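The structures come next, written out as structure tokens.
Next come two complexes, and both contain chain A; in the first it sits with chain B, in the second with chain C.
== the complex of A and B ==
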């Protein structure tokens, strides 16, 4: 058993493995970059980097087979290789201190990227001038909101992620006096008015807007400027029997309602919302251009940040390269509407955002120390040679 | 003789440089220099008319040199003066470049020797060009066919020419100055008529009609013009409130006075058209004195920029790099010591000229050295040559000069081609408008590019000298190996730190440290490649020759990151998009593959190392 363990250890600590892994990661990055032309950045991230294997479909089948190690596998092996080498091969000494620092920084960087992949949440906050919001909206995820609007003073919202609808099962929520059964779900779809499309089978929906509409399923889109628009057909049933069938989609921006046991519920499919214990009001959005041109010079949003108890109530200017960090979130100036009155802020929650900063410092110091050691050694050798030549 | 050679070469180099600073002898009686230095606001930047003339020529006809139909070569501003003030002459100037035969067919022409056409020659085909542009317009730029791309380019050229012509002149006016003087004389009567009409009182109908006719004409001039030539008046607090001449003249009605600068430019045009140098020079002098009062520092910058344009320091530097390279290579064959020293001095001179050029650009722009693809090319070369000077100082074997001369020349050629698309000092788009990040992330990344290239070029010297000549001795080979190794270490440091800094910038501006954007990936690939070289070396996986081959691959990797990713046209960084360079990139990669092939020849086939192999 001993020699096997030894060769196993030898394999994981070897520089040869490091080189192989580095080459693999280089190829992975290269091909992933090329793939972005067709797939878009988001799809590439999941397919190439946030995966153990890059898979490809066998032609003519539904079968996906791994064709290349993915980012998680290569990154994980690199970490293992690095850790193992330091434990068994590289001694802790001043001469190697640069190497240790660099590698430690690298470990932090890789971990930071892993944590970002796991924990980072991104969403958008779209604000018109004067508008106040205490939530942001996901740019890719959609939810089904069932809103009890009976009490005029507040709304009681039950939000169901589309992932739950996709499984076509029945959902029973303690707050709702009815069950929701999904009969059909399309990840991306197009809605048309029924009168514009002749000769189509009758709508499965018999309530709300559904009967007037025709759903056409579309393939998933990966383009950066397009969004997938899911559609679901929902059968609602209360204690006394079926309530009817509704068609829901984020394309329908007006809510549809159902009344059960004296309560009115609105059904609305919308971008998933994240609520915060504070509100943001857009005071003014500015879009500066260079004189006499349309070249943008700066975008900025003057906002007011306020908590309900008014312990925080201040004005902040968010502009390019200068986000607002508050409550573990960061708000970035991400975009605007062509009317120049509406700002789009990107809201990012990333608990590990500091790691790259630390690792940058460590790696810089490490490499400087390492190469400085090389350089002094080289200069000493040269002066020795020169001295020898002079005496000779 | 041999001892004096370096000194002689240095003096010759200095004389050559001095000659570029002397303005070319001009036979013109007009104060063209004074006119060339006048500031205007175009594309968000105050620049001299000389720059406007040169960039317009580049955009219209792909080069700065312009030859009139009668065979005389015009200075760029002379050409501009005719376009601005004498359209009847300029419409016959062959300055609109059409290379694509399909685009020529729009104008019913066949491909011949002629590539540049005059506005009059194209006039009949302009409606068809406009129709083709309407067809091409909805197609996204990245997926346009070569014909559509050519149509768009040609359309832009024609529009640019039209807008230049309308900048300081009304095409149907026989004499704009006469019109402006008439306006000045009648302005009180005009404003009264306009005011009375507005107030609903009785007014002089004839004056009102004339006033609106004037106003409409000048408004049209303002709408179609391009150059903002009229500086804001002394009462205007906004220093950026420059105006087009048409707008300034339209403003006469609301202000109750004709803008004196607009009148001066109209007079300038009059004097140029009628060939009255005395009047022309007097107006230029007046305009300059007037501008010096409130725009003194801008005027000073414009003077410097016009001189800079004319001296073309990067062209001189390019010539000197070639000379340095040739001297260095010759030194391996004959007279090693004097030729090596001459080569060193010439490269130092070229380097200083390039440094001065970069510094002047920085001063003019008020920016760190790298702001766009063009300046990155300048700086990549600068970094590589700076490192070469250090190497040469240590090793004194002409290898540093040969590599530096080669890289300096190549990067300046690349820069020269990149400058063909217009102003190289364009304004920075919002997200890039950060001198802090431009001077940290961008500089370190570009230093990484430059040093990775240098390692690759040193390796090429090793391979060529080893395989094709007998001059690669063991000592030289060992020295080259140490150089390549040292430079790879340097490159690793800078490309790694630059890449991580880029991530931090992205975190500051977009909310994510790393987005796998093509440009970021390109930078990462360089870091990975340098790390691979170092680990191969440390692990003993490669020896001398392997190291050289890996370094040459570094050239391919770096060129891909520098230019290749821009050609993909995706991602947040895609502002550096470009198309035509694609074939050059392919050619460069092919050449590197050939060199690698050469290096993999068995050692017996190398001309050097024969004794050792035997």
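== the complex of A and C ==
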């Protein structure tokens, strides 16, 4: 073996690397836990765990420099370390099958977290009793929905993520007879009625609610119970020239309309929607309390799951730790409104949700097998010694 | 077999890992993809962005001081310029609040069938919070007293549990029989139960009002002397409580 390759293999197969990586991950978890105080859980997950490096801003500059390995780097190196150690040290034999299984389970666990980070999508479905929905809504992402409401039966929606508006460019979509040019974008903002804030410059918007409102940009919030409220100023221009300037924000819950070429379009900034090929109806939400007290005992939602072709039409009871799993999605009982008639279901799409379960079973089996192999070997050796002693 | 690693200096290995993981970075980039789809129209009641459409502030006459009593009226949000039915913009709760997390599950307040009342002129209205239907402060040379009005669905554990909760707040031992601990009072067809207790310089008058499918609590707490002096005014105030 060439010396460089040998030193490379030696580095990646060393137990020392494993220990260093485990210590680093301990420190990462510790610092990330502290950072939650200021950043909140979502920002911490992105910054500390779903990144290669934890970066920090150099004081006085816009430059971010890596200061600590992130979760992906530590996890990736651990994976490499484990894989390399396996290949170079462990021979494939029955005697080692337990170790193989355990390590394979561990590798699967690491990969499972990686896939979850990459693929998992979470959203919320809020249903009043009797209400039916075929979509869930993101709790953190916002979109600009441009809805052609001309058809009496259907809405044609063009959904533009705020990340596209943030770039302040011009958006031209084949389904829209106008261009959308974003002139201003605030990631978080406050809206006030103009007459409550005297002496402010005139609104950039000249259509819809915009002229009556004053936008105050706010710093981004990382608190778990707060949400950033973006605001954008949009200039719309059709083939015949400008159509006007609109102010859009999720704080404006009523849509604003523009009519172009005989079609009416609604502009609505709202939580990003995910539509599904089935619908969920809330039949009943129950909030059980312990008798004689106001202490919650159980929350449950009886829902009806239906597909348009009626091939699926069934009632399901969703309660704590007992989600409805359908179509690659899991609907968890996540919350409710104080009126006790509205349920909030968390909708989780995670194609790799089974991996942690499989890996736990594999690791359990592996450890049991390894223990059993050692035990039988030990018993055999002892009987042999005893037999030898008897004949001696 | 050609292995690219061996051509690299040892110190550049992390760069290689960076390269290997570049795909991961790309996958986590912000999504700017615009999509289009066709959906059936929603029923009108359901239109709009539901999770963000925080409920419009409920008009609660109780928060306004009675007319002609000289207290400054709270400024109502001037949302008449917005279309009818549009929620007020200013002071709207963050939509993150829309929906109660299970953690705060034990504090849903009763929304149905309100009660109204007329507060004495000397009480200063405070902002009602999510928990409080009404809130006033009473000032005197002895200190400050607090009037809180809350409502919860159901019987909130029953009268005995509520009285013992209040006794616990005063660091008094619990009682076994609720009938000896409270005085009944009738007001405008409502059956009120008045509890009074004092300990270590603090006095509390707590009133339980079962109404509709909820229980309302009117509670006056503060320095012993102030509350004892304010008691007749508080009892008079209780007689103004009624269903609208």
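Convention: the second predicted complex is superposed on the first by the 362 of 392 C-alpha atoms of A that agree within 3 Å, B and C clash if a C-alpha of one lies under 4 Å from a C-alpha of the other, contacts with A are read in each partner's own complex, and residues count from 1 in each chain.
Going forward, a residue touches a chain if its C-beta (ideal position, glycine included) is under 8 Å from a C-beta of that chain, and two chains touch if they have at least 3 such contacts.
What you see is a predicted model, and the numbers here were worked out from it, not measured in a lab.
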| item | value |
| --- | --- |
| Clash or fit (per the criteria above) of chain B with chain C on chain A | clash |
| Which superposed partner A:360 touches (first chain B, second chain C, both, neither) | first |
| Touching partner for A:346 - first (chain B), second (chain C), both, neither | first |
| Partner chain(s) touched by A:295 [first = chain B, second = chain C, both, neither] | both |
| Partner chain(s) touched by A:107 [first = chain B, second = chain C, both, neither] | neither |
| First (chain B), second (chain C), both or neither touched by A:36 | first |
| Partner chain(s) touched by A:90 [first = chain B, second = chain C, both, neither] | neither |
| Touched partner set for A:283, first chain B, second chain C, both or neither | neither |
| In the superposition, chain B vs chain C on chain A residues touched | C |
| Touched partner set for A:321, first chain B, second chain C, both or neither | first |
| First, second, both or neither for A:79, with chain B first and chain C second | neither |
| Clash with chain C, by chain B stretch, listed 41-49, 221-229, 455-463 or 563-571 | 221-229 |
| Chain B and chain C contact sites that coincide on chain A, given as residue numbers | 224, 289, 292-293, 295-296, 299, 334 |
| Interface residues, chain C side, partner chain A - complex | 3, 5-6, 10, 13, 17-18, 20-21, 24-25, 27-28, 30-42, 46, 48-53, 77-79, 81-83, 85-87, 89-90, 92, 94-102, 105-106, 108-109, 111, 152-154, 156-158, 161 |
| Chain A residues touching chain C - in the complex, by the definition given at the top | 2, 4-5, 7-8, 11, 46, 50, 52, 72-73, 76-77, 114, 117-118, 124, 126, 131, 133-135, 137, 139, 149, 152-161, 163-164, 167, 171, 173, 175, 191-193, 195-196, 209, 212-213, 223-227, 229, 250-255, 268-271, 275, 287, 289, 292-296, 299, 334-340, 342, 344 |
| In the complex, chain B residues that touch chain A | 41-45, 228, 240-242, 394, 426-427, 429-431, 433-434, 437, 482, 486, 489-490, 492-493, 496-497, 500-501, 503-505, 507-518, 521-522, 524-525, 528-529, 531-532, 535-536, 538-539, 541, 565, 568-571 |
| List of chain A residues in touch with chain B within their complex | 14-16, 18-19, 22-23, 25-26, 29-30, 32-34, 36-37, 40-41, 44-45, 48-49, 109, 112-113, 116, 120, 122, 224, 289-293, 295-299, 320-323, 330, 332, 334, 346-348, 350, 353, 356-357, 359-360, 363-364, 367-368, 370-371, 374-375, 378, 382 |
